[in-house]
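There are two complexes below, and they share subunit A, which is joined by subunit B in the first and by subunit C in the second.
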Partner chain A sequence: MTRHTEDDGDAGDANGTTETSGGRDTGGCGCGEPAPGVPEAGRDEQPSIFVPDEGEVPEADAIGARGSGSVDSGGAAGDPAAERAATDGGVESASSGSATGGTDSTELDPDAYDPVDVFPGGDLDLREGADSCYKCTSCDTSCPVAEVDDEFPGPKFQGPEQWRLKRKDDHDIDESITSCSNCMRCDDACPSSVPLSQMHNEARGQFVERQMEKLSVEYIRNRILANYHTSASLASMFPRTASFAMNFGPARWAMEKVMGIPKERDFPEFATETFREWWKARGGAKVENPDKRVAYFHGCYSNYNTPEVGKAMVRVYEHFGYEVMVPPQKCSGTPMFANGMLKDARRHAETNVENLVEAIGEGADVVASCTSCSMSLRQEYPELFDLHGIDDLAEHTFEALEYLRIHEDLEGELDAAGGLDDEREFAYHAPCHARNQGLSRQAVETFRDVDGVTMEDVGDSCSGISGTYGWKEEKYEKSMEIGAEMFEHMEDADGEVGMTECPTCAMQMEHGTGYEIEHPLQLLEQTLGA
Partner chain B sequence: MDRQVDVVVVGGGSTGCGVVRDLARRGLDTVLVEKGNLTHGTTGRMHGLLHSGGRYAVSDQKSAEECIEENRVLRDIAAHCVEETGGLFVKRPEDSEEYFQEKLEGCRACDIPVEVIDGEEARRREPYLARDVEKAIALPDGAVDPFRLCVSNAADAREHGARIETHAPVTDVLVEDGEVVGVEIEHETGPGKRVHREPGTTEEIRARHVVNATGAWAGNVGEMAGVDVEVRPSKGVMTVMNTRQVDTVINRCRPKGDADIVVPHETACILGTTDEEVDDPEDYPEEDWEVDLMIETLSELVPALEDARTLRSFWGVRPLYEPPGTGTEDPTDITRDYFLLDHGDRDDLPGMTTIVGGKLTTYRMMAESISDHVCDTLGHEATCDTADAPLPGSESEARMAELMDEFGLRSPVARRSGQRLGSRADDVLDEYDPNPIVCNCESVTRAEVQDAIGEAGSDLNAVRLRTRASMGNCQGGFCTHRIAAELAEEYPEPVVRDAEDELYQERWKGQRHALWGEQLSQAMLNHLLHATTMNRDGDPANLDEEVDFGAFDDGTESPDAGGTAGEAGTAATDGGRASDDAAADGGRASDDAAADGGRANDDAAADGRRASDDATTDGGR
Partner chain C sequence: MAINSDVLVVGGGLAAITAAVSAAREGADVRLVSHKASTLRQASGLIDALGYVPATEPAKPLRDGPPTAGRELDPDEWPDPEGPLADPYEGIERLPESHPYRIVGSDALRDGLDLFDDLAGDAYRGGHTDRNALVPTFGGAVKPTARYPAAAEAGLASDDRPMLVVGFRSLTEYDARAFAGRLEAAGVPFDAAGAEVEFAEAFRADAKVTRLAKALDHDEEIDGVPAREALAKAVSPHLHDVVDESSGVDRVERVGFPAFLGDDEGDEVRAELADRLGADVFEIPMGPPSLPGLRLEDQLFDALDAEGVRFETGNPVVGVESATDGRVESVAVDRKGRTAPYGADAFVLATGGLVGKGLDSDRDGVREPVFDLHVDQPEDRYEWFVDDAFGDQPYARFGVRPDERCRPTDAEGEAQYENVFAAGGVVGGADAAREKSASGVSLATGIVAGRQAATEATQ
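Let's turn to the complex of A and B:
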């Protein structure tokens, strides 16, 4: 990597030299207290920030930008205008003009360092995270992919080991990172707060950005899978045609051959009316309440494929007197992280953070019905990006059922509602990402005392689909092998209807058992009579 | 086996290895004897800095000039031992501007290429540098692996006919008719490769000349010959960090002082050092305050060090020497120059030359000058080529892409193997298929370990020095047994066990000085793994008497055996107990607790009756 330095020929000169970077120091407003971030466990000591590596930016320019980002010199500590280091590396933050109350994540401690720049292109330096690893291998034993894939070296290698072996000018990433499904069970398994998924996300991003052939079928296929938001929004224009065409035999055969998308899988049906169309037609919120507001992050799937989940959310929340806001939003980024498409994820994050932070400014908390979406907003966003207000967003984000369990007397309400007349039995699977948020038991606990509802937890195995992982032809068999335990337990359970919070887990459950799958919010709607 | 050779070199550090290589290449019949491993004394206990000379540019310009000259030579002939990290002399606000200028002028005077950069640029290059660093001088410091360097010198010497004997302490210097005629050594486990439990032997090696290259121990060897060599050994501590906080050598730009350098070394950073005279190079106190001082003081340059994980600390003794009568009080003021003492001229005892002082960076130059002297004395005409001939491993660069494809290594593993083995990589890795990783922390494969065993016998510490196996963050906890297992094909079980214990103990030794925070947890986990899982503190196989297998419970009498087997395997159960408190209060703050709670309950739920089972099966989990 070329070094750009000021004239170094003369000591006298160098004495008075300053980098000409002041003009670019405009990344943030510099207002507000540093907000305590979410997550708050040991791993959040890890620095965050992914900066898109704009290959075309002239070197000097890029360095100027980075120079201003990485160096907040001690002398400027007392100067409020200079206090916020432009850790975006000078990339203009979408929310810098926002009038709402977000704060910035950069610590103002003059001793604070900024890990951007250790590796070229502003990548994160996570070598330090390796300090927490004792090599105990709990992560490897919890990894569903390592269990079925002998070629996959496991999360310990992908995370702390690989990072510890890195050097500044010596940083390529092993290809095996692409076999990680990003289920994040290793995060949960680690007794020592190693930021495993952050390490994996960053490494995968670096691999895809630098080492993956951009014209390869694999890259294009992954890009399409990762950008489900885009394809789904196209498909939704002609939902019936799309649902038919996408699952049309010859088309599927061609897709597998050309794109590596396994023909065994059925594409989800597209709703004839998306959630947002319904919301608009309905005239928006039916309840207005400045004291109880939530901003609903429906995600792509509830919008395009299962609007009934979104509708259930709205009805349930309105039942409890909440004013529901539905701000403009894009993909939460989960499939993009899993495919190393950090630039795409960041672009979408800019929109999401801006709009959701605005809603927070209006008194709302953010509620998601998909556990991967809430996981992303809570953990991956602050770990990977440094956008204005991103820590506030993380702190104010909840899963839909979780939020009600915190703020409402759900038990009492359900009791009063009296249960269901017709007995219903469910086989419940807790998604890995729910597990990581401590939510793996919430559905079972919520409904265990409701008359007429029987819900069985089918155990703590991974469904195996992990978002886009199971949608790759070369991973399909492994995906089904991972899911086998769950399928077996579902068959074993009394219920003939599956239940889970995660849309892709639902696809896998349906694919493996043929059961109908519901979301807990739908059952809540039914049991509350909302 | 008394025969006469041309030269015996005593001491397998950088100087001794350099001398034996040089003399062997000049065609002399040479033997190197070393009481421990190669690098056992001082060489293996340094911070691995390849000096640019900047450090001596003010106080000792002659040394500085030698350093930059040899720095260039080593990048060339020992490329696989050197990492060209570059170095910075950084100035903090309280450091003297005058000295900064002096340093700069000194470097220029010594022909050391320098570049002055401001604080921002310095932090751009090394983001973890303190924010109040004002400016820095950039110069070509580097990192050198002293083990690999010595081993390569010794290997080259052997290729040129020299004999290398490690674990062979000198027990006497043979003096006949007022002349040194050789040494008596004790082979701790017999001549050749070290193999535990082989009986020791002694040997007299008669030589036309003896070179005493034992550094801080030179006085002891001198004493055996009846001459005084006044070495003033001075100890210094070095602290090893788990990761690289910096990728450049960071020096503090001030006159002199303790704790003023951070050297990125392989996967770690080494903090150095102190300078305190000791009486005995074998026996001196290793004190905690020295380690604390390293971390505290160097945190002024790199704040992240304060909270970073420390793996271990070690001490080394410098072989400082000054001519009798100089009487310098402070060891930091003693010159770093080297001295060649011809005992014929000096003490009227021909046949022996002692070399003291000096530093690793200039080892080759010192070796050349001693070899010139020895050749003069012996009347041997030959020219020195050590500045041009690459060391084994540095003939060409390892071809990384091929290592990955041909040998199926994952990229970080291929990179590390390639860097350690250099041009030998192909030959070494070709030997084993499959070639699993033996040491995960440092990515060392079976092939590399076996290659080192081929050279070092059952001496696993010598294997460690050659490969770095067990030098990562678990400090051998997860790999000493795997490395030892690599011996099992060739050596009997008791040898393997001894070798394993020795390596494990050596790893423990350095960790004693890092028992806080993460490394304390690591040490505890290692201990439990070895003491309980492997039962190494009470392994019946280590007992002298026969094992009474009848004393063990074979389980047949257990009243509950199989009692609940019929219910096993129905994992799909509800559970849903009131005690479940994995409720949702959001955020990762509570995650650990919540997730753990959730997990524990899941487990309980998953098999339903565990609580009652436990009661009847004696808590058998």
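Let's turn to the complex of A and C:
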């Protein structure tokens, strides 16, 4: 049995129960259930197939159409010229050396196809991880949800304990898995390297696929939240209207009643010019350098909502002499993992892996400005999917500031630039996903010695939003309760501007304090005069 | 290019922090890299130095040959450890010569404790004297310790005021009545009673201690009553539970709780409870997960920040990246599948012992995985342990063997690298569990390793 990925174009059915799942040859019991003790996510060893989302014009085409004012959405997806336009703004139609993104082939050359054996035997066998747990409960004490939610049994239960329970006949996943916000703090806390978040992702995927009512409001709402990429790409065709309509009072009231999206939250504004539109209008990269190349994974948010972060990234990297590539890409998958929509995530991953691996082949490292995006490409991709080149991608992915700190003399450069003339003070919050990559202190340390910049770390509490978690009506109060500590610390800090790498943390910081929030790359751009 | 600093400290516990701060105070630019969140959160929060001097020779010669399953053990094969010691310093000279205290000297322990006092400030007590304090722990045992959290102060066993110990049915690992019984059996100079009260029942049956601490921090309403008030109300009927030898009933003067009385607002929570109960309130240090450990972790990491130490957690140091002329130039840090070099003029290894995973073991041997340092061990695996579970287990003393500058040595006793130093649990020679010396060894070796690394780096 293999998964029917042909169906994946049909967004309504892609996570449907009709689909048999699990790639292992179980002798065709016909029930679609895996053998006891054999979780299914990750056992998806088929060649990657690149299928666009339903209702979404292919990436290259969408950009081209909006950029030129044309609404022609003809089948240009496979047209190399259109691909080029998306990548470098079309200025170098005959150039070489620039990543162009993938071809939309549905068949991979079988000779070149070399499946990556992530899990021996093709199983996502987490036995070793469960065995490593010695129940010290460090994960539970680090869990921001368990700290406020009496209904939530904590990561130790969700991970190793539940994994053991479902090895026998009882397959049901406890519904409380949907209360895990996927902040992944438990991973960082575990002294025994139990793959807790991997276990949670796998359990959540199984719960959503097998036990969740596909016509329920909750499922549909979660699906919409998880597929932010799709809604954002539609909204950003009419950014002003969308920004208004999404935050229009009566509409918000209706959304809470019908969809369970809390009316207290303001939807982020959509930029009138997306990052990719800007990139195209700019004419793509200004620096060509075959020796120093990075492929920028901007993610959905920098593209549709905060293109200034993407622009800062480009200017800073060009300042250091890098050739920036902007390959076609989809959602990193983070909101999909958090909502158990693993098939959606996989579909997007196929596009990302294909295009980014091609850029790597052209000498680039992959750089993300969102710490959840970099986390996803580095850790969750290889943990959950078995796609050709996925380990390669994980190995070549970095967060934007991290990459510069490793490869450039950032301190020296900042020193030479001489700092800011007008003093600026920031209240910095480290996103949970930055913590897991060892990046929680990098912004504070980078700017510590820069004249005119004061940056205060507002402590190690979670912001509480965890991507889509705080966007659910039933979680809203918990989300604000978790965030309360951060809000207090922000208000105690001298700075009146917030700073963080994560777009949803930024939403929460703004929501809780009313501060304007910047990304470290923006400050880097400013301090370097890039 | 490498990420550089004068001194790179590998690890995130007490020894690593001590080494980092002491190196920074010598003027070095210091970076600390810890694989995971600090294991201080699993520690009791007590800072012990030396509570016992255990025997290193059996009372009777050990039987020959390997142990056999089911064979009866003679519990009297090993004499009881000497102690509890009133003064940790006076016991040092009776420790084996290979003990870290003997190698770095008692002044190092004194300096380490001084540094700790400086970093911990008002949050800790015990610095006024060299002598050990006797602090009851959650099993009802009394532990000799050099420093203890201010929150535990009113619970000292040397205090003769009558004590009530409060327990909760949902905290299964902790039984208040057994605790009080064990204390009295140990001959403490006061009357004690234990009482199980209704409070945690409002939370889920396996509520995390952090959940309880948070509810008290925020004084959340529980069934309409603020949490602190609700807790005091649950306890107050038991304030006369103590019965003395002549069957007289006295009002208790101090009340002990499991250590979950608030996290950030602990002082305030304790003060309010004390006020409502009309008695001193103290916390009893618990096993992991431990609020006192979490609080200490927060405090020490804030101190690192204040000292200008750069630190990061989340990525492990996996090995030596480059070394020449007997010096390590850089180590490899695994950043999610790709290693990045971290360069330094000197390195401090403070990754912990077998439990902390600073030492790795299998059937073939025991290794130090970061620098591949020499770990002294009997070749025959059956010599790694002795029959008596409470005997002098050789494995308990496994670790790297330092010279007087805390540089790990090879089998010949020569420093393995000129610029690599070691501190804490990865250093062998101490039987920390039996001696009650884990924190003291971390402080003493941490301060020496930190200073020596700074000297090495800045000379």
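Convention: the second predicted complex is superposed on the first by the 400 of 530 C-alpha atoms of A that agree within 3 Å, B and C clash if a C-alpha of one lies under 4 Å from a C-alpha of the other, contacts with A are read in each partner's own complex, and residues count from 1 in each chain.
Note that in this section a contact is a pair of C-beta atoms (placed from the backbone, for glycine too) under 8 Å apart; a residue touches a chain by one contact, two chains touch by 3 or more.
Keep in mind that what you see is a predicted model, and the values were worked out from it rather than measured.
Chemist: Have a look at where A:C183 lands relative to subunit B and subunit C in the superposition and call it first, second, both or neither.
Modeler: neither
Chemist: Just to be sure I read the superposition right, which of the two partners does A:L342 touch: subunit B = first, subunit C = second, or both, or neither?
Modeler: Once the two structures are laid over each other on A, A:L342 reaches no partner at all.
Chemist: Would you check which partner chain A:L524 touches, where first means subunit B only, second means subunit C only, and both and neither mean what they say?
Modeler: Neither partner.
Chemist: On the A-aligned overlay, A:A493 touches which partner chain: subunit B = first, subunit C = second, or both, or neither?
Modeler: First partner only.
Chemist: If we overlay the two complexes on their shared chain A, which of subunit B and subunit C does A:M313 touch? Say first, second, both or neither.
Modeler: Neither subunit B nor subunit C is touched by A:M313.
Chemist: Examine A:I173 and indicate which partner it touches, taking first as subunit B and second as subunit C; both and neither are also allowed.
Modeler: first
Chemist: Using the touch definition from the top, say if A:R405 reaches subunit B (first), subunit C (second), both or neither.
Modeler: In the superposition, A:R405 touches subunit B and subunit C alike.
Chemist: Between subunit B and subunit C, whom does A:V148 touch in the aligned arrangement: first, second, both, or neither?
Modeler: Once the two structures are laid over each other on A, A:V148 reaches subunit C alone.
Chemist: Report the partner of subunit A that touches more of its residues: subunit B or subunit C.
Modeler: Comparing subunit B with subunit C, the partner touching more subunit A residues is B.
Chemist: Does subunit B (first) or subunit C (second) touch A:D391, or do both, or does neither?
Modeler: So A:D391 only meets subunit C here.
Chemist: Which residues would you name on subunit A as touching subunit B in one complex and subunit C in the other?
Modeler: Residues 136, 153, 188, 192-193, 378-379, 394-395, 397-398, 402, 405-406, 435-442, 445, 457, 460 of subunit A touch both subunit B and subunit C.
Chemist: What residues of subunit C sit close enough to touch subunit A in their complex?
Modeler: It is residues 1, 3, 33, 36-37, 39, 41-42, 203-204, 206-211, 214, 218, 264, 288-289, 294, 298, 305, 310-315, 333, 335-338, 340, 356-357 of subunit C that touch subunit A.
Chemist: Can you tell me which positions in subunit A touch subunit C when the two form their complex?
Modeler: Checking each residue of subunit A against subunit C gives 136-138, 140-143, 146-148, 150-151, 153-154, 188-193, 378-379, 382, 391, 394-398, 402, 405-409, 435-442, 445, 457, 460, 484-485.
Chemist: Could you pull out which subunit B residues touch subunit A in their complex?
Modeler: Those residues of subunit B that touch subunit A are 101, 104, 115-121, 123-125, 127-128, 130-132, 135, 138, 242-245, 247, 264, 267, 303-304, 308-309, 410-412, 415-416, 440-443, 472-474, 477-478, 518, 521-522, 525, 570-576, 580, 582-592, 594-595, 597-599, 601-602, 605-606.
Chemist: Of all residues in subunit A, which touch subunit B in the complex?
Modeler: 3, 5-6, 8, 11, 14-15, 17-19, 21, 38-41, 43-44, 63, 66-67, 70-75, 110-111, 113-118, 125, 127-128, 130-136, 153, 156-157, 161-162, 164-170, 172-176, 188, 192-193, 378-379, 394-395, 397-399, 401-403, 405-406, 427, 435-442, 444-445, 448, 454-460, 489-490, 492-493
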